[in-house]
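Before I ask anything, here is the structure I am working with.
Labels run A, B and C following the written order; every chain starts at residue 1.
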Amino acid sequence: MTTRPSVFPGLTAADALQQLRQTSPLVHCMTNDVVQSITANVLLALGASPAMVIDPREAAEFSTIASALLVNVGTLTESRAESMLAAIHAANKAQKPWVLDPVAVGAISWRSDFCQEIIRFTPAAIRGNASEIMALSGLAASGRGVDSADTSLAALPAARALARQTGAVVAVTGEIDYVSDGEKEWAIPGGNVLMTRVVGTGCALSAVVAAFVSLPGDRLSNVAAACRVMSCAGELASREAKGPGTFTPAFIDHLYLLDAEKLNGGAQW
Amino acid sequence: MTTRPSVFPGLTAADALQQLRQTSPLVHCMTNDVVQSITANVLLALGASPAMVIDPREAAEFSTIASALLVNVGTLTESRAESMLAAIHAANKAQKPWVLDPVAVGAISWRSDFCQEIIRFTPAAIRGNASEIMALSGLAASGRGVDSADTSLAALPAARALARQTGAVVAVTGEIDYVSDGEKEWAIPGGNVLMTRVVGTGCALSAVVAAFVSLPGDRLSNVAAACRVMSCAGELASREAKGPGTFTPAFIDHLYLLDAEKLNGGAQW
Amino acid sequence: MTTRPSVFPGLTAADALQQLRQTSPLVHCMTNDVVQSITANVLLALGASPAMVIDPREAAEFSTIASALLVNVGTLTESRAESMLAAIHAANKAQKPWVLDPVAVGAISWRSDFCQEIIRFTPAAIRGNASEIMALSGLAASGRGVDSADTSLAALPAARALARQTGAVVAVTGEIDYVSDGEKEWAIPGGNVLMTRVVGTGCALSAVVAAFVSLPGDRLSNVAAACRVMSCAGELASREAKGPGTFTPAFIDHLYLLDAEKLNGGAQW
């Protein structure tokens, strides 16, 4: 059985968020067609700056200007894959971190091959659900696309293995989120089931991870902070929402209004 | 003059919705760039699972995994058309139903040709406004793009003819929606004019039609249920909204909260 | 030092808005992937009709049907650039106005070249932030993408020069918006800082400019009216919003509910 890691301290998340607001990192988002707007709005609410640039030449140029790069394969196409590769190599050359969101990896063949290819290029972090992290690590998974059939704790060994293989901090998210750098691990409780009934909360989290890994300091802690910020705002928003429609505006508001007191509250065990 | 069909019973819609929530069909949405987010959120609120996959190879593979396929030509491109054809053929081979939303057909030449080509490949359902259904059926129409200048009842004969020609259930939507399988017909009143001031309510309905045609049982009845679910939530949301901005969150909430009592209420004649 | 122009009269904006609601112009939006939905919803709330058509053949055909064309280079690609050129030439041939939103021009090389190329084809209006307008006019700028580091008043001389060079009305937007046709100028105060924490308010304004320049009457005044309509709704929405999440629905509602009394209120100096 997998041992549950300690809960990540909310006050550490608050310190990281304060740093994010002060530096306002510019996040180059190469993400899927469905979540462009919520991704940008989540970053803006937190105080980061989003930019979506997708032409191969422009993407390579822009990833050297940006603070971090997000690669999300949700609606991958041949030309988008080409642009992503160009951007990843340019980011690596400019020593800017990049983050992978391996949407539906394991469920569809071509993107699975593409993700296996690019994780060799030193991602700073990988964020996925249990199915995706298990598939990417080579362990068996039961994914049927974007939903996760495995619980996140069961995927923690896969996250650990993937972290050791790639050098990335790996976040496996679900009812409880877990982050691992291959050695040390944190648990991030919170959130609410309504977040699974709104498109893009997971994809937006990956963009937030990209914003946080551009900050100085411990990378594992920065990825955990990204997860905590999103789960805290989700939990607060769910208390006010009547359903997934009113959840979204409340969630964005809470990201904007988060402070140390709120981040330090919530579930413990 | 066209005789008005009977109003579709709300309790039958409630039964279909219950079945949808139990089975949570996975809808492969190949839709336009504008409505990706609202389409996904509408499906999620109802209890279905959306997935947008667009690369030709991936789309063909994924349409055999999904419960149903949606093809919406709103922002058609050459490569998107190629992917849609691959997905349609794969869905047919795997005996999965597919649904056509012929956005702006009749107003623009190329997509009109494309839609004429693909309706030969046995769509399970077609959902459009009066102009689109009339244009697709070969009857004269006065469309100027995405708005509908004809009322839906006037297009019911065109819907009937199109249903007989293609074997699809045809939904022609407007102030009142009508569905026809070429023989039997239903009317679905409800909704609110605010729905025409929010982008994507029609396109999202087509995705909901795709979710419902994946269910067992009478296909005409399932398409009517999809229309009823959307018009009912629209009517309830419009009572709370101050304008189209607050309409959308309320609409999504009501989709999430719909029950038999609400679906059985509303306009009769 | 640049002299501050007079404040554009709210009642003139109200007259233009009334005309827009009566004629419901059809705006062909070739815009970036991130803002498609908010752009369409803003136009619909004001009473205009949006349509996004992007295939080269279709875009050329459609821009002769539409009342005006918007070209926004936010997520430019080779094939999108080809379509935009085809649409611009077709619009010019059909004597339909087109509007440029030069997103992140100056910060990225290829799109800068593309924008320099297309401003030779008689845009009716150009809408950008201070960095973008300065870069496009050839004056030095300090842009790092979508944010504007310069204030709008400092960019007014650049706007004036660009208007003289291209024949377009140029709007440089920021805390205060300024419009220039190269001779006459207006200032449009209002808005709220929350608008910079929501993606697409600037891009949507460019679409609104396209809707207004399709109206008869003085073009400078019509562009100023577009700015006033958006800043007024933004100001009203910010009074109700708790953050950028609840701002957006309130903003769309206020666009829908705007009247002469509201447009005539607000800041003066």
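A few remarks follow.
Quick note on the criterion: contacts are C-beta pairs under 8 Å (C-beta built on N, C-alpha and C of every residue); 3 or more make two chains touch, one makes a residue touch a chain.
These are the chains along with the protein names UniProt gives them: A, B, C = Hydroxyethylthiazole kinase.
Since we're looking at a predicted model, the values are computed, not measured.
At the interface between chain A (Hydroxyethylthiazole kinase) and chain C (Hydroxyethylthiazole kinase), two copies of one sequence, fewer than half of the residue numbers in use are shared by both copies.
Superposition of chain B (Hydroxyethylthiazole kinase) on chain C (Hydroxyethylthiazole kinase) using C-alpha atoms only gives a rotation of 120 degrees, nearest 5.
Separating the CA-averaged centres of chain A (Hydroxyethylthiazole kinase) and chain C (Hydroxyethylthiazole kinase) is a span of 33 Å.
Looking at chain C (Hydroxyethylthiazole kinase), residues 33, 37, 248-249 sit in touch with two or more other chains. Contact residues on chain B (Hydroxyethylthiazole kinase) toward chain A (Hydroxyethylthiazole kinase) in their complex (touch as defined above): 26, 33, 36-37, 40-41, 44-45, 49-55, 57-58, 61-62, 65-66, 79, 248-257. Looking at the complex, you find that chain B (Hydroxyethylthiazole kinase) touches chain C (Hydroxyethylthiazole kinase) at residues 32-35, 37-38, 74-78, 104, 107-111, 144-147, 196-200, 241-246, 248-249.
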